[in-house]
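Look at the two complexes coming up: subunit A is in both, with subunit B in one and subunit C in the other.
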Partner chain A sequence: MEDLYKEYVGKLPGKILNDMEKEAKVRDLKPAQVKKVLEYLIEQYNQAKIDPGEAIGIITAESFGEPGTQMTLNVFHFAGVAEVSVTQGLPRLIEILDARKTIKTPSMEICIKKEFAKEPTQVKKVAAQIKETLLKEVAEEFNINVSKMQLEVKLNKARIKEIKAKPEDIIENLENAIKKISIKKTDEGFTIKPEESSDHELMELYKLKEKLKETYIKGIKGITHVLPVKRGSEFIIITAGTNLADVLKVPEVDSSRTSTNDLHETAKVLGIEAARQTIINEAGKVIEDQGLDVDIRHILCIADTMCRSGVIKGITRSGITGEKKSVLAKASFETPLPHLVNASLLGENDELNSVIENVMLNQPVPLGTGLPDLVAKMGPKSIKKKQTEKKEESKK
Partner chain B sequence: MSNKTDVYMREVFIGQVDSPEEFIKKVKQERREGKIPEILNINYNKDLNEIIVEVSRGRSRRPVIIIENGKSKLTEDHVKKLISNEIKWSDLKKEGVIEYLDAAEEENCFIALSEDQITKEHSHLEISPILIMGLTTSIVPFSNYGQSARLNRGSKSQKQSLGLYASNYLIRIDTDANVLHYPANPIVKTCNSNIAGQENHPAGQNLVIALMSYEGYNMQDSLILNRGSLNRGMGRSTYFKPYSVEELRYSGGLSDRICVPDKEVKGYKAEEDYRLLEEDGIVYPEATITESDIIIGRTSPPRFLGEMDEFSISANRLRDSSVKIKPGENGKVDMVVVTDNEEGNRLVQLRIRHDRIPEIGDKFASRHGQKGVVGLMVPQQDMPFTVSGITPDLIFSPHSIPSRMTVSHLIEAVAGKAGALSAERVDASAFSNKSEESLREMLSEMGFREDGTERMVNGITGEEFEAKIFIGNMFYLRLKHMVGNKLHARGAGRIQLLTRQPIEGRAKGGGLRLGEMEKDCFVAHGASLLLKERFDSDRTVVPICSSCGLIAVHDVFRKKTFCHRCGGNVEVNNVEMSYAFKLLMDEIRSMGIIPNVKLKNKY
Partner chain C sequence: MAEKVKPTTINHILVPKQVICDEEEVSKVLSKYNIRKDQLPKVSIKDPSILALEVEAGDVIKISRSSQTEPTSVFYRVVV
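So, the complex of A and B:
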């Protein structure tokens, strides 16, 4: 029996073989029967394969392009009052396919470990911890004391308790963030005094106040908003802003299910395969949200092409399209002149092996009916022989 | 801050008042009495505590009836006098019954929609709720039953409809004029129909329509017409097209001459081609002309004086610049006018007339934004008919109704039917039309099914349809878009000089572009060779020098091929490519980049 399966390794994908093995055991099939099924599987598998010369690239492009025309343009969608706004539709799809470095609305979906995810209060605590907190959010008042030339900050005690921060920690964080200040703790908060005095003390003090307001106190940098949401039976946290590496360090976070919509960050933290999966998920989400239907294989094709080199490359002139071998193909897609100039400087050679160059030259495109050719092998001798034959014929 | 209110006029501060309400009351009172110009409008902004007086041009204003002490100033007496033409609109204005408000003054007013809604607080009364619509939209019947987007389209359709656009059309020369042959006054009208001139300039016909599918030729907004009705003149129209020719004057005292050209003239066509011209070089009226016939003969002096050089045998040879009718057009010469234009040049204007009988592809529309194109014309004997023997003129697809929600379309059919049977016009004004119930009553009183459906028989098989068919009378418009003006196809033809690709546009007999996205479709289907064939329109054979890869020269006269760079002793191969690519190579070369073509034996 084992040998029988070994025979088919390479002919059928591993997963199908494994499934077959399991099913055969359950159904208690005889080797002859197994062989019959496997032969049938091979037939079906080969039929499901894409034919040689099928233009999958253009079919994929059309499969994205046509529904793209139906997408709502530039609409920010708020489902519910408190929901985080996320770029959707065509702008988001363009963002993904171009593999933009900075995206319009970075966002994370943080899953909490099962033992914490059931209780909303616990999830809220985790969310408060994760959220990036600035001084202005915990301070009640900022006063400029002109007589003493110092800033007096009054803290909101309740807020501080909520985010589990001590005034001492806040002072330490502030000291780390802003140089040349001395901070003294008071009953209500603390006072801040610049160490050096200058001529424009009041101005400096005012500037310091504005700077202090935006100073980071606690939480994870980059996560500007958190929103606990019930998804199925458990609670998850949706965020605005992303910082995958730091979020994964939080002990309550389930690191195996937490994700961000930033492709490059995913690639940096989790690797290229995770980035590929993110492309598939994100592109799929856009298409599903718009109520459109694009076959998953087209998305897979795009994601694979973008991640093929180990680095995410967008479908732009600096990305995948710029990697094309043919000068003419590159020139036909965005900014033709620089491509032609560069090609002439380097003395590039266009082998005319792809589609668009051949359309330009009005030659059969090497796809579909244009792919197969009659091949007669002719060495240099046979060519010369033919030429002499022709000459003789013409002489006659 | 003072508690006085600032007053601005024409955006300039002019003073302050103590009590704004009283001030405005006084201004309005004086305006109604005629002491202040009627064009003045006044607005009080409570939040900013300022009064803005407007007298400038370009504000849109609308008339409303004034209410005083909870009573409309328009009395029964006024209405009676208006009907009997004793007083006019301007009298109402003078009397202070009606005043015009602009958008700003309207903010301070409280306008009642109808007379029975009036309370003490109301300051004005709406003349009629139909005024929320413009003139063309308000002649859409039963528009309060229709979807707003469809009303817009309905009024757009009416602007494109054929009718009697001017009663002196016979002595006018308009570009692209159409006249409908038997225009009719609609049975179902709104109160604004006559204001829009539908009585004297009707633009459509009352047809019997059935709401059903038939042979599948009315799907996706296409229509089926009754050939019998067409033969009786339904939807026929005449298309007028002007041509004008001028005797231009050139430098040196030379000028064009309208005449039958001599045989010596350069560019003379066959004698046969000038057969329609009379002695003066102009076609005779009522001449039947077909495609590319010459309608005016004209000779022009040579284009360059150099053409009159001593070598030519007959010096000063004239050119033929006769005017042909445009390709694809035909008809009869309707009128010939010979005059002088502003510059004193002789001017000949012709008008071609062509009867347009509806054909497959012509556009028709109801007044509800339901437009469609003729898909089939069925002989009358094959049309379905009701048990009482009525055949519809037009069959309309029921699928056009649900998604577009044009309930008004259906109600018009019922109203038209009731109106036609009882020989009276039906009022279909928005918000004040004849009610659906009374229409149903009218129908059932005359012995018809009240919902407008009838038993009908299939004209082809003679079997009765299982379903009751909705049938009624509707006012249908023939729109000016006719296939005769739009149909276009070509095989070989004129090409562009630069790219050698076919020229663009129907008027020039251009090609139909297979664009980038269409190309992608061919590629996606793998139809590689078909794609090549489609793009063969600018195919050229270019001789290429095999040693340097540049374009070589093929000298036909000396039967020699040579390369400008490598001389005559090289192998030159002919390569087939698109002319556009050869042009690209030439242009790249003109920038100082050498594109080499490296030839390789493919097999």
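So, the complex of A and C:
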């Protein structure tokens, strides 16, 4: 039985073979019957294959375009009790396909190592460590002492314990962030004094206070919100804001399953193959959330095309559409005039090898039955030979 | 001076298994699809997922992905 299946490896896709093997066991088929089914499967499989010259790119575009018209235009949706909003529907799909550098709602899904993922309290602790903390979140009071011309900051001890920060670390981070201040530690917090005095001292002090409130002191930069969520049997953390490289370094984080929805960041940290998979996952998520049905092969086609060159290229005039050789094809996508003007200034040639430019010129397009051409090897020698042959024939 | 850290393979669900493809297989693939090496899909030499392989430009990487349509689908990229 095993050998029978081995015979068909390469003739049929592995998934079909696996399914067949399972089904045959359930139905208790005899080898002869299995062979019959497999032969029939090959016939059907070969019929289902795409023909040479089929315009798969256009079919993909149509398959995305039609359901796209039915997607909700409602950009914000709050998933369950989560306070983290995620871009969905058509706007998100456009973001993915254009490969935008900055996306509207960057977000991460952080998985925690198994030993920490069971207890909600432990997950919360990890979440608090990851979240980017600003000084205003750990400070209880900001006072301006007018007589001494200094700022007095009172820290919330409980909050500091929660994020595992030491007052000394906070002071160090503040000194790195803001120049020309001297900080002294006190019992309740610290006092801050500008090193240089100016004419508008009080004004400066007030400005400094506002600046200090927004200063980063602890956590991972870029992660603005954290939200522990139960998924299956374990807890994961969903974040707003993303910083994959730094989050993967956190010891409690399971670095093999944590992911972000930012394509370019994924490509930078995990490489182009991971970015390709992210495109597939994210686009698939959009389609699924909207309750639509687009075949996975269309998404694979787009993802492969976007990652073909080793970097992510969106379907924009600066991305893969801009890579087209034909001037007319580029002009037909976006901003036709600049393309035509540049091409005429540079004296570019158009080989008319693709579809759209031939449609414009009312010529047969190289697709399907229009694809094959007659090719004859006609070097100068063979032409001469034929000519002499003809002459000899006419002489006769 | 900081010691040069040897890059390690990334262990991540999004990163598929990648190995350097030997010459024989490369020529097999190229003749199968009737293409030149530079017509293969590309991968940057600085790509973090292949740093550990210590590749050179012109090498072909064999990628075994797990896919929704096949248990493992094989893909090739040329290093640039």
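Just so we're on the same page, the second predicted complex is superposed on the first by the 318 of 396 C-alpha atoms of A that agree within 3 Å, B and C clash if a C-alpha of one lies under 4 Å from a C-alpha of the other, contacts with A are read in each partner's own complex, and residues count from 1 in each chain.
Rule of thumb we're sticking to: a residue touches a chain if its C-beta (ideal position, glycine included) is under 8 Å from a C-beta of that chain, and two chains touch if they have at least 3 such contacts.
All figures in this text were calculated on a predicted structure; none of them were measured in a lab.
Once the two complexes are overlaid on the shared chain, A:Q290 sits clear of subunit B and of subunit C alike.
When the two structures are aligned on the shared chain, A:Q129 is found in touch with neither subunit B nor subunit C.
Contacts of A:V365 after superposition: subunit B is touched, whereas subunit C is not reached. With both structures placed on the common chain, the touch criterion links A:G53 to subunit B but leaves subunit C unconnected.
When both complexes are overlaid on chain A, the residue A:S326 reaches neither subunit B nor subunit C. When both complexes are overlaid on chain A, the residue A:N261 reaches neither subunit B nor subunit C.
Residue overlap on subunit A between its contacts with subunit B in one complex and with subunit C in the other: absent. Every residue of subunit C that touches subunit A in the complex is listed here, in rising order: 10-16, 18, 41-44, 47-50, 63, 65, 67-72, 77, 80.
Subunit B meets subunit A in the complex at residues 519-521, 523-532, 535-536, 538-539, 576-578, 580-581, 584, 588, 593-594, 598, 601-603. Considering their complex, residues 53-55, 58-59, 61-62, 340-341, 344, 349, 355, 359-371, 373-376, 378, 383 of subunit A touch subunit B.
Contact residues on subunit A toward subunit C in their complex (touch as defined above): 13-15, 18, 255-257, 259, 266, 268-274, 277-278, 296-297, 300, 304, 307-311.
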